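Naming follows writing order (A, B, C, D, E and F), and every chain is counted from residue 1.
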Amino acid sequence: MKKPIKILIINPNSDKAMTAAIEKTAKNYANELFQVVCMQTQGAPLFIETYADQMMAAPGMVKILKENEKDYDAFIVACHCDPNLDLLKESTNKPVIGIGEASMKIASMLGHSFSVVSSDKHSIPNKEAIIRKYHLQDTCASVRAPESKGLIKPKDLYLEASKLAIDEDMSEVIVLGCAGMSGLDKELEEVLNVPVLDGVVCALILAEGFARHGITTSKARRYNPNY
Amino acid sequence: MKKPIKILIINPNSDKAMTAAIEKTAKNYANELFQVVCMQTQGAPLFIETYADQMMAAPGMVKILKENEKDYDAFIVACHCDPNLDLLKESTNKPVIGIGEASMKIASMLGHSFSVVSSDKHSIPNKEAIIRKYHLQDTCASVRAPESKGLIKPKDLYLEASKLAIDEDMSEVIVLGCAGMSGLDKELEEVLNVPVLDGVVCALILAEGFARHGITTSKARRYNPNY
Amino acid sequence: MKKPIKILIINPNSDKAMTAAIEKTAKNYANELFQVVCMQTQGAPLFIETYADQMMAAPGMVKILKENEKDYDAFIVACHCDPNLDLLKESTNKPVIGIGEASMKIASMLGHSFSVVSSDKHSIPNKEAIIRKYHLQDTCASVRAPESKGLIKPKDLYLEASKLAIDEDMSEVIVLGCAGMSGLDKELEEVLNVPVLDGVVCALILAEGFARHGITTSKARRYNPNY
Amino acid sequence: MKKPIKILIINPNSDKAMTAAIEKTAKNYANELFQVVCMQTQGAPLFIETYADQMMAAPGMVKILKENEKDYDAFIVACHCDPNLDLLKESTNKPVIGIGEASMKIASMLGHSFSVVSSDKHSIPNKEAIIRKYHLQDTCASVRAPESKGLIKPKDLYLEASKLAIDEDMSEVIVLGCAGMSGLDKELEEVLNVPVLDGVVCALILAEGFARHGITTSKARRYNPNY
Amino acid sequence: MKKPIKILIINPNSDKAMTAAIEKTAKNYANELFQVVCMQTQGAPLFIETYADQMMAAPGMVKILKENEKDYDAFIVACHCDPNLDLLKESTNKPVIGIGEASMKIASMLGHSFSVVSSDKHSIPNKEAIIRKYHLQDTCASVRAPESKGLIKPKDLYLEASKLAIDEDMSEVIVLGCAGMSGLDKELEEVLNVPVLDGVVCALILAEGFARHGITTSKARRYNPNY
Amino acid sequence: MKKPIKILIINPNSDKAMTAAIEKTAKNYANELFQVVCMQTQGAPLFIETYADQMMAAPGMVKILKENEKDYDAFIVACHCDPNLDLLKESTNKPVIGIGEASMKIASMLGHSFSVVSSDKHSIPNKEAIIRKYHLQDTCASVRAPESKGLIKPKDLYLEASKLAIDEDMSEVIVLGCAGMSGLDKELEEVLNVPVLDGVVCALILAEGFARHGITTSKARRYNPNY
């Protein structure tokens, strides 16, 4: 009998609560059809916002990958800005999937255009930079962050931003732009009436399939450290 | 207990042998974790090459979809030029995935760039048109068709074209550009040493995941027939 | 003495009133210098909005083309979303012109950028898809649909949308985005003070010229059904 | 009775033989259905190759335009690099058409992609610059210039370059890249079996139609000298 | 001992006051480390707005260049729309730099995106055309012109437009879009808190460096008048 | 009297010989008009090829920057793939310039298109990725690496690759694609007869100018660590 597929989710920050939340979303999706674990990154900050944060997370992320390379079939980077994703794709022969790349490329298959709802207006340029890196700039309607301030609940902030994306930017699909929003997809979908994508789920869909069929990163050139 | 996921693959042409071959690939991948069936299209020609072929396939494809809509959780269009895919996305609230779109978007996640290996040089413009439609023109290294003629075996022809794509066009991932090539991926991969993608498998990965998590086409505008 | 040029306009829908209106615009432009007839499509719906509408129109459009191929020198598809245009270009050696393609490519020659004024906000994604298909996305300032509702006259709705396109989107040319608006061009032009293009006229300009000089679709590859 | 349409073709260089050749092509096309005259430009060099040549031609071109503005209904700039076309569009309220812009935009309607056959390899960068200016870079397969040297006839040189464009660059339409090639279109077409476009004819098709229906350059902003 | 570097700034218009202002900015930057002179253009209008203005400036600009070619090490065109820049690059083997090109390419190095603040809304299309010519359209957030009218001081108008660019268009760098704004950069920077670029300074930085290291325009093809 | 400008060049690898060579090029250019020092990076590998190499260099590069921030006016990253450039731009309020970005953006000002000559074919995808990041993909003719193997001298290898770029890819400017090639520019230029750019010199031109005029990275959003 075939061994069950095992997927390791690397949370690039060191926030245990967020790690637990991501793992909960993942186990819900896995539904015991495959195994999934989420680990936070030692030495990383509590939140990944800056290029310095990404640098601080890098060694810990590689360490998790290397220590668990033999025991898992696929790896996921669970921060929507996909920090150090190229580095991890280069560092193993097993598949590595970023929740940003997975969710946005899947979004492009579900409607005319998609929008990313981010937690903060200041992260928009960084989002735009990775959207362009993934060649998605012409199918992305907008990156939106909540405008309102104050006592409004996060869910309501994201709803507000999503509605503007759908009505004003003509977006047809919403992508949750932060791993911290994981688990909100169905709740928002019910109100918005368009697909709302949780990057953790999107990455798991691909990771399970890649692991099952032996699909992985090309070592032709760009992600081959030994050429 | 949850009902098993059921996926219906629509072969847009009327070739029973190809239908059987696609279903074989699909069942191998499914490995009894979900159910999958492939049906050919009544009224369609034996091979889809021209715009007229696509038109002739359209009513039969919609008919299969409508007749089986309740019984299946997701639908796949199994011709690499994704004939009538927009029409089918519009025609149901359940997810519909084209093997062309699925394989090429997944290819873009596995290496710096990908090439499509097509069966015939004359189909290159049509391939380029859908590559552009999917916003993939900047990450697609080339569409290649075999140059050699005569008694060479198809597998060798595709190997020849793939090697040129990898060496001359700097491609890092090969996409099999015809449902008729289904099942050749691992054999070619062994020789080429880069990922080779079978569109049927790629579409199944997404279809299973979409069905499991309730992800489907946006009905905001473009794919909504009733606005 | 040379035979007069004969142009056949195919109205992809089955609306006789619209057919008559298009023919009137066409005969006014032709001014007896060439012959022009407009026919509606049997089996097509009264209005072409969805992919299903396009599919239903396809066989009837091909039938008109084939039955009249010998008697006419050029063919026009008179719906601004150019339904089944690739199919018709493939189906004959004589020139076939879509009013969408003709009007938008001519618009790009008359000013810095152009806007399409559509009848309905929900058709904007489909318009954007064909604008991209024709490589016009960087020279198209916007696709606008009327915002106002209620008892306002169509002409006033289009004026309102056009003014916003000119002032806010910096558009310099207006393209009427529906064959049903045919004949309104000069009336709007007078108010707007920028060129307003009627797709039927634009297509006739090209069709007459192509017919006169023997210019027609390339049968090199993409539009050749017999390669 | 309506007055016949009168079109003035401005040859930006001062070569009388080329002026006569262009006028011959034009009168053949016009076939007495409209009037057409070609004038060479005083003060211009015998051939337009450099930016300095374009500068030297500018005042003479404006002079011809202004002196004949009242007597003609449309103007054509008959050099394939469209020298001073923006200037002339700005300088009159009547339509002005460049043979480069007209031929390449019409080419984009006749096949998957087109190639420009130029007289000299060194002009390729300038051609590429205007192709980009007209937003045609993604639909242009290549700009080719003859490789062979020596005693071969011009026609054979263009055939050689065109064949390479069709076979190697997958081009489906050939655009003659110099007004000096005017008249060769049908001869080449017979051998190449794809559409070959003569810019003078393409510009006349549009000029006649624009004149007949009162279509002209937008004076909204870019081409308005008096805002 | 090495001779000091000498840079000649060509003001394409004939306004002596603007010439003096540009020279003042230039001498401030040069700080006697190199020599710099600014000359206005004989035969040019007082302000360069239209294509006709550019044509009228061309012969005088070439004349200044030719008469001073031996005595200067580098040349600058000091109008932000870079009139006749290709012509001047072609006309000498010494480096020629446009303040538009220099300032916008430097801007792209200092932030995620930049905006150009222009003096007048009607010049926006022309700005957009050169931004596209320089391949900067994807990194330019916007071209803005003041909305307010009346008695407000120019500086305040530019501040207003700049603030909108930063807040609404997400711009991170402001480029002064007119040589007439020269000298305002530091004053605006203090209020706006983002880099504000004066094209004259940007061009001088490059001109001095090019002159010092012998870097100049390629005479491979595009800018070689004698091929 | 003003203090002299001081520029610090950070060599991201730990190769002392290369550090010395870069400093030599830099001091030659500076010619005592400003002060310039080059330091290698502690903890970095001897050569930067992979994403892992870039990660290993990051902490050392930040350390050099922080320790010397007060004493220098501008910083240069002297590896042509610009490793950790975003991180360094974020880490200081003083200007930071990558030799890759500087050389390629300057190259785009000197000719119709440029090519990068790299040391190794396997680095081409990484070069293409940063070219795209800098929005230069449409003005870059090619990235070329030497084809020949064996005992040929490096200089001859680069000449060979450069000639192919100029002749076959229609490139007009050559960019040296590795800091290790520093100092070869003028030698190659003599043979190739087109501009050959040394990234160290290009970065110094900008660094000196930025330092002199107080131009630096925008802290609006993308490069601001404290928003």
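Following the convention adopted for this analysis, contacts are C-beta pairs under 8 Å (C-beta built on N, C-alpha and C of every residue); 3 or more make two chains touch, one makes a residue touch a chain.
Since the model is a prediction, treat every value here as computed from it, not as a measurement.
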Going from chain C to chain F via touching chains takes a minimum number of steps equal to 2
Distance from chain C to chain A - Cα centre to Cα centre, in angstrom:
43
For chain B and chain E, let me know how many angstrom lie between their CA-based centres, rounded off.
52
Junction residues of chain C - those touching two or more other chains
112, 124-125, 129, 132, 138, 170, 172, 221-222
Okay, what are all the chain pairs that touch?
A-B, A-C, A-E, A-F, B-C, B-D, B-F, C-D, C-E, D-E, D-F, E-F
Using the touch definition from the top, list the residues of chain B that touch chain F in their complex.
112-113, 138, 170, 172
Quick check on the complex: what are the chain B residues that touch chain D?
124-125, 128-129, 132, 137
Please name which positions on chain E make contact with chain F in the complex.
2, 29, 31, 33, 97, 101-102, 105-106, 108-112, 134-136, 138-139, 166, 170-173, 186, 193-195, 197, 201-202, 204-206, 208-210, 212-223
Would you pull the chain C residues touching chain B in the complex into a rising list?
49-52, 54-55, 58-59, 62, 84, 86-87, 90-91, 122, 124-126, 129, 132-133, 221-222, 224-225, 227
